[in-house]
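Sharing a structure, written as structure tokens. Questions coming.
Per-chain numbering from 1; labels A, B, C and D assigned in written order.
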Amino acid sequence: MKILDAEIACEVIRPRLSETHKGDYGRVLVVGGSEPYGGAAILAASASVYSGAGLTFVACAAENHAALTARLPEAIYVDAKTASFEENLTRADVVLIGPGLGLGSGGLLEKVLRGLSAEQTVILDGDAITLWAKKATKTQARLIFTPHQMELERLSGLAIGSQTDAALQAFVEKVGAIIVAKGPETRIARPGWEMEKVIQGVPAQATGGMGDTLAGMIAGFVAQFHSDQAVSAAVWLHAEIAGKLAESQYVVLPTAIISQIPFEMHNVIK
Amino acid sequence: MKILDAEIACEVIRPRLSETHKGDYGRVLVVGGSEPYGGAAILAASASVYSGAGLTFVACAAENHAALTARLPEAIYVDAKTASFEENLTRADVVLIGPGLGLGSGGLLEKVLRGLSAEQTVILDGDAITLWAKKATKTQARLIFTPHQMELERLSGLAIGSQTDAALQAFVEKVGAIIVAKGPETRIARPGWEMEKVIQGVPAQATGGMGDTLAGMIAGFVAQFHSDQAVSAAVWLHAEIAGKLAESQYVVLPTAIISQIPFEMHNVIK
Amino acid sequence: MKILDAEIACEVIRPRLSETHKGDYGRVLVVGGSEPYGGAAILAASASVYSGAGLTFVACAAENHAALTARLPEAIYVDAKTASFEENLTRADVVLIGPGLGLGSGGLLEKVLRGLSAEQTVILDGDAITLWAKKATKTQARLIFTPHQMELERLSGLAIGSQTDAALQAFVEKVGAIIVAKGPETRIARPGWEMEKVIQGVPAQATGGMGDTLAGMIAGFVAQFHSDQAVSAAVWLHAEIAGKLAESQYVVLPTAIISQIPFEMHNVIK
Amino acid sequence: MKILDAEIACEVIRPRLSETHKGDYGRVLVVGGSEPYGGAAILAASASVYSGAGLTFVACAAENHAALTARLPEAIYVDAKTASFEENLTRADVVLIGPGLGLGSGGLLEKVLRGLSAEQTVILDGDAITLWAKKATKTQARLIFTPHQMELERLSGLAIGSQTDAALQAFVEKVGAIIVAKGPETRIARPGWEMEKVIQGVPAQATGGMGDTLAGMIAGFVAQFHSDQAVSAAVWLHAEIAGKLAESQYVVLPTAIISQIPFEMHNVIK
């Protein structure tokens, strides 16, 4: 078990090269935001944008279109019911499905998983994990899960008390996916790789929307940093920002973390 | 009569334990925000979120859904006309009904009061108080009222000039509820408990939406602090923040107070 | 001609008394915001709220309801087509009609002017002035106009080159209204009163929405300060804020001014 | 080839004269913001407003009306399907077409280009360039293109590797338009004029919506500064702001740049 520290961020977050354009920083497609849960998709997309993804698209319910655009004009809306969705799916570097998805979207999850190729990454968060636990559709894409403890139980069959490092690693090897097992200490497990742990998380961040925010950061990092450790760096930086903000705030809200991302990413490389 | 000071906040607002997650900080359901009054529900929900409630749901008119999501992506929208409302009602730790409710929502208030169990708390604010004064539906839930002087008159039958401490306490004993009697000096009365008073309120906060904000703070505090004094701490901290902001602002707006909550809660425990 | 300085603000803006509540600070009803011009009504209402009006209502097109609520949750939406509009009209202390009204709203203007009593104040801004110039409906209410030069020409028949102090005063005496004649130097003319002038205005504020913002400030000041000089104080403070912001900004936007109002009102009384 | 520095901004951005009003600072009409791309139009319009354009109108899809108004109340919505669009087209000093336009809007582009007179300027950005490359409708208006490398290829037929200074200048002479050729070093080419280059751009600004923001700044500058060098000054200042923000932020978002415009324009003239 490796305890992550600032080094992981230094390795992953590299100074941008001057001859680059937004196309070099990846396309993220967030799929979620069913009618009641638009905020979750907005938070995830915001975290992706503020992490530096080149382009961030959001496929969400039409009822949340106006709020998305008002809140985050940098993002682009996608109507999941039109052909533009398929096109965006094909062109995305990273698809994050789950934030605010709702449990009625099993068909959409299947469509996403089947539609992706081996060059793409798909991150399953929140309800997408619960849906996948019921019906594990195969996918060509690199697969990342970001479960909290209850979702990990559904996903792996491991009861919360039995989610030991060994059991988690064994499941990761079996399923062939990266798992970000969220908790007071978040573990990152990868097939054939030493497990990593982030220990500076703070309980001030225990509030609704935080998981969506972390998932969005992971998406943004994976899209732009072509490194196996992008996931680890995102998890570490998220906890680092939360810890810093908790020095002056009793509760650290997702929107507070999001606005700090560009500054803390810069602190890493300066 | 006990004059509240910073001590009440220190007793109630405790450092968060590290092995906790959002589920430990309670679920708040705000019911209100009829068509013209969406802002009231947004302010109440914002105060709940910024106070640190684990999850904040808002049942409001569909016309206010987009504004809620644009303004407060941390909150979750609930359609009061679907089954998800009943489910949210059952699962909430605290239901705050009233901010922007409108006087045509008597049926909804009855449904809420009847649907709650003894493990839940219901806060009646604004129009919900006026409606309850007309028809006092019984409820199993712990009951809190947050009337201003005119609403207290409707609620208790006590004319504004007759709302003495003794009369207020007598009414509280009769009705078996906590009453936060708002005014230049806000009193908190509980059955079988010494009355408390907050005296540092400032007239700078006399502006629309402030009651909604206070009610949202109370909801957020009750949801996460399992203490009989959570209500008192919320009322005290609200006045404290208003007083501090009034040192540089002629009028202290609800949104200004809300953004300070996480910082002032931290100041209490540091 | 009196040149206004900080003294006017000191006279008008008084420390709030502790035994007061929002009802003591007046009700403002903004009527405007037809479909394309929702922003104008939002700016006017924001200026009213940030000036400290007790309650601010906005009657605007339904298409602008969501934006109003997302942007300014402290305001309350009014549907001009329902009975609640009449009720709000009757209960308002100040009605500001014009920001974003559109020239197709002559009927609405007539309704407002006819519906008001002598205890109320009506402020005509923007398109409401142009409409009134065509058809001068009588009103019981105290009448204030806030024309820019072209609107003053339409209103008074005085060509821009002929809008001398004497001609303006003569028109004011005839029409029996207060006129805030906006320009590089804004003049405030009242029947039987020495004309006043604000000279610290800056060209940095010459941008769309600024007139709406000033009108909203006037509404907020008239609603809460029961003084004949409330109008003058609002005009002076608006120019004062613009001047201060122009020390660091090339263009001073309405939203920048609005957010400073509570601070600069406090500076006056401290 | 002239390398631009702060001097270009000093020449173009002049202190505002005191006897001026918003009419002196020009009318900008942004045409774009089809359903999925509302954010692009909002960013462009925001950049125009924050640059100091007197009035900024936005013709976009009705689905984006609420978000525009919530985000930028200083702007005015235009329905492209009504007569008000034609009127706005006629009265605009600068029409910026492209941000979020979508490739299905060829008819609208033709209408705009045909409807303008020699006193007006039209800026073609994004999809408008791609559409014009397919069908080059003639226009009386002064023409500005703001292509990135791929769009320049479509526009000029010059493959990305062949977009030399000489080839770009030759194309500019042929087409009779100003071209802002965006890239790590952005070139500004004009018929019969020495080519200019901005070299302080930073890769931190390589993110979605940045082109829309630059186009909006150019529109705002052209509308208010009646100088041939307004385009150059806008491009230089945009890069300057991005560079400054990149000293503390890993990614510089469009909204971060926009909010700095009034301050940096002031720095130029102070």
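Keep in mind that, in the parts below, contacts are C-beta pairs under 8 Å (C-beta built on N, C-alpha and C of every residue); 3 or more make two chains touch, one makes a residue touch a chain.
From a predicted model like this one, the values you see are computed outputs, not experimental measurements.
A.B. asks: I need the common contact partners of subunit B and subunit D, sorted by label.
C.D. replies: A chain counts here if it touches both subunit B and subunit D, which gives A, C.
A.B. asks: Rounded to the nearest 5 degrees, what is the angle of the rotation relating the C-alpha atoms of subunit A to those of subunit D?
C.D. replies: Subunit A sits rotated relative to subunit D by 90 degrees.
A.B. asks: List the interface residue numbers of subunit C and of subunit D, divide the shared ones by all numbers used, and answer same when the ratio is over half, different when under half.
C.D. replies: At the contact between subunit C and subunit D, which are copies of one sequence, the residues are largely different (under half shared).
A.B. asks: Compared with subunit A, which chain's mean CA position is the farthest off?
C.D. replies: C
A.B. asks: Round to the nearest whole Å and give the separation of the Cα centres of subunit A and subunit B.
C.D. replies: 34
A.B. asks: When the centre of a chain is set as the mean of its C-alpha atoms, what distance in Å lies between subunit A and subunit C?
C.D. replies: Distance between chain centres, rounded to whole Å: 48 Å.
A.B. asks: Indicate the residues of subunit B shared as contacts by at least two other chains.
C.D. replies: Only 66-67, 70 qualify.
A.B. asks: Would you tell me which residues of subunit B are touching subunit A in their complex?
C.D. replies: Interface residues on the subunit B side: 13, 16-22, 24-25, 49-56, 65-70, 72-79, 84, 261-263, 265-266, 268-269.
A.B. asks: Which residues of subunit C touch subunit D in the complex?
C.D. replies: 35-40, 42-43, 46, 63-64, 66-67, 70-71, 148-149, 183-184, 202-204, 206-210, 246, 248-256
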